[in-house]
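Report on the following structure.
Order as written gives the chain letters A, B, C and D; numbering starts at 1 within each chain.
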């Protein structure tokens, strides 16, 4: 996959205003005309429009176990760093109405079943942000009581480091998730390094072989074909 | 004669159209991955033992009926309120009678204690 | 059918919670058991209330906890003393300074270490700021449970200012690890007390705004007044301490009763309620905000000069610049950093007054550099036993209000 | 804090009233008074201290469990008593062997001990007879073993670094 880097042709304002007048008066040639029209019109497909709508209306589940939940609430309802600017401030209490699960807090042995059940009962399409060191790995509590990392039983899309992460870090995580939802080409490296969300391991015995074949087949987005 | 009903017809069609669009669009666009757990009732993250054959208390039913009763009353007041100038004093008197009648019902219900909860 | 999941607990109802079957008790409606369960917006964390309801009336509540048990006390046994402070701070994650202080006081008592006066004043200032931040977060979420959404925005706005002060002195918003055994890690930056004075001047008007916002609201008064009333004797028998006990009329506050960390130098009053209902708990906490402001200002005015940590090099790290010159400082530094200080064997119990009640750290030392046992008497863990008394016989809405005004922190409960 | 002599007086009164074998010793360390009591007599001693003693201790603030691993009997249970009038605290300590960790529950004397005794049962395996509802409180109901005993392994996973990456299974599997 070769990566071409070229500017998007964004000349400054005056040039574009001049081009617009020429376009209307029909003074510019066909090649230039072609580029102007392409720049003006937004060509999109249904999938791009759908992803654009989904990424700007992420409804997080009102989920919070420990200290990261305090920072998440400060991010969602706080004055300074505010998820409302990115469309994610509608915190829904029931998984039926939420499509983003921010795993804010520790995943204890007793809690893992409940967390997995919440994830299963969320409606499609759904995404998971593992917020904080305790959710991503057991953090500093590497002992009998915690499950070391939510990706042992949940497919995770974005990991936010920190203990607890600052509100700005959580917002950056949400932005990264939005890029991922929009299948932003800049996230192509995830496919090259097989770093997409840890997919559901297929129940079949030949897990290993099947997983490699399955992970290369699916695209960078979330629609992993699970049986 | 039919022409004066066209706005109402358009309104009706649009309403039904938008309603069905939203319900069906969801099924078409959203990826659907049915799972066994997804069908079970959600009870705060735990397997729930909610039995369908559960007998609700009578007070729930009473409150629901009273609400519908007085809600419909408000629905009837609304068009009258909009066109009160056009209908003139006659409509005003008529609505006052209508409200008083329902007020009697309200006082009866209140005194019988149907509104208290325990 | 996939093979049986190990945790059978979740399939059948939990043993011991098998309540009298509906047939025996013949109320006019069937008893309905529901989980106001671990994932619920009104349980302030992962608390599960196993409720037996008769229509809207709560017949019995059984709090079930343990969903965020992180074995912090076991992890503390695996780390050196001053590394365990980081673990201890994450128990009650709204009052992290208090956890750190309880642990440090227990260690200092075993070491028989004397904390310099400036460190004590610094600790008091940070403790009271943390009490304000904790009460503000409670105010926001408790009133959110009753149904008013705007107070949480105002409360979090003021809480952000307090977190800025923590960030200025401790470097981080939460879990600042600012308290060290023997004092505090670093002196406060020069502009800190000016910032705190500016905050306290502004904040005293904010408290009046909160009161106007809530005391005139009929719905709030109706929901909070004489709901969740528990008598003072029952509270004392249940070991409840903190704002709940003071709301019932008993002025027991460890800062006044058994002063520690130079709290006796400050004069402040202890707000006490009369009836002991949810409204009194709200009034007591709001008055405590004002008292904390007074303490902070007195602490800043009377801040003595001098070392901010104990000069005893066996316990406290020597300042950096000394490492370049003196050999002893290098040896002390090396010994502390690699192996940590050894505490003579013994036991200590250091109780302090946290925003939720008496927070005591029981420490067992076996002479090595790692604590043999750290156990926290967490106020929410003990106060939670009062929930069945508050809720029995009331409506579900009153149960939710009572749990909200109890201010449980599940990190502290499950440790 | 009852000073050393006060503690001795308490111990003497308790041994007179409750019985000589009840008091196993007193400890006064860093101005904290602790009364050692034999496991069998805990309930009587606490009942006596609460009701019949001339200086009553009406409140039980907290119950702590701990594990003195090298020493026998291993499991220790501490009761922190508080008297608000005299602004005084007293610790009552008992030592219970691991093979039959039996203690009489004090829930009817002090209702606050309900959850705290359940936590000690959950974490150390000390069985409190007479407790209304002795179940695990923090760990899952069907968890085997008592995690906070000192011989229980710390658990958790080996932390992954570059030097031990190869011994561990392929983490990105």
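Basically, a contact is a pair of C-beta atoms (placed from the backbone, for glycine too) under 8 Å apart; a residue touches a chain by one contact, two chains touch by 3 or more.
Predicted, not measured: the structure shown is a model, and the values here were computed from it.
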Rounded Å distance, chain C centre to chain D centre (Cα mean): 23
Chain A-chain B separation of Cα centroids, rounded to whole Å: 38
Intercentroid distance (Cα basis), chain D paired with chain A, Å: 49
Chain B and chain C: spacing of chain centres that average the CA atoms, whole Å: 45
Chain C, residues touching no fewer than two other chains: 7, 10, 38-40, 66, 69, 71, 74-75, 78, 414
Multi-chain contact residues (two or more partners), chain A: 109-110, 114, 118, 141-146
Set of chain D residues in contact with two or more other chains: 139-140, 147, 152, 154-155
Touch-based graph of the chains, sorted into line, ring, star, complete or other: other
Those chain pairs that satisfy the touch definition: A-B, A-C, A-D, B-C, C-D
Chain A residues touching chain B - in the complex, by the definition given at the top: 46, 50, 94-96, 114-115, 117-118, 120-121, 123-125, 222-223, 226
Chain A partner contacts - residues on chain D that touch it in the complex: 139-140, 143, 147, 152-157, 159, 172-173
For the chain C and chain B complex, residues of the former touching the latter: 10-11, 13, 28-30, 32-40, 48, 54-57, 395
Residues of chain C that touch chain D when the two form their complex: 6-9, 14-16, 65-66, 69, 71, 73-75, 77-78, 109-110, 112, 236-241, 250, 252, 257-258, 346-349, 351, 358, 360, 362, 364, 372-373, 375, 377, 381-382, 384-385, 414-415
Footprint of chain C on chain D - complex, ascending: 29-30, 32, 34, 58-62, 64-68, 78, 80, 84, 87, 89, 91, 110-112, 114-116, 119, 133, 135-142, 147-148, 150, 152, 154-155
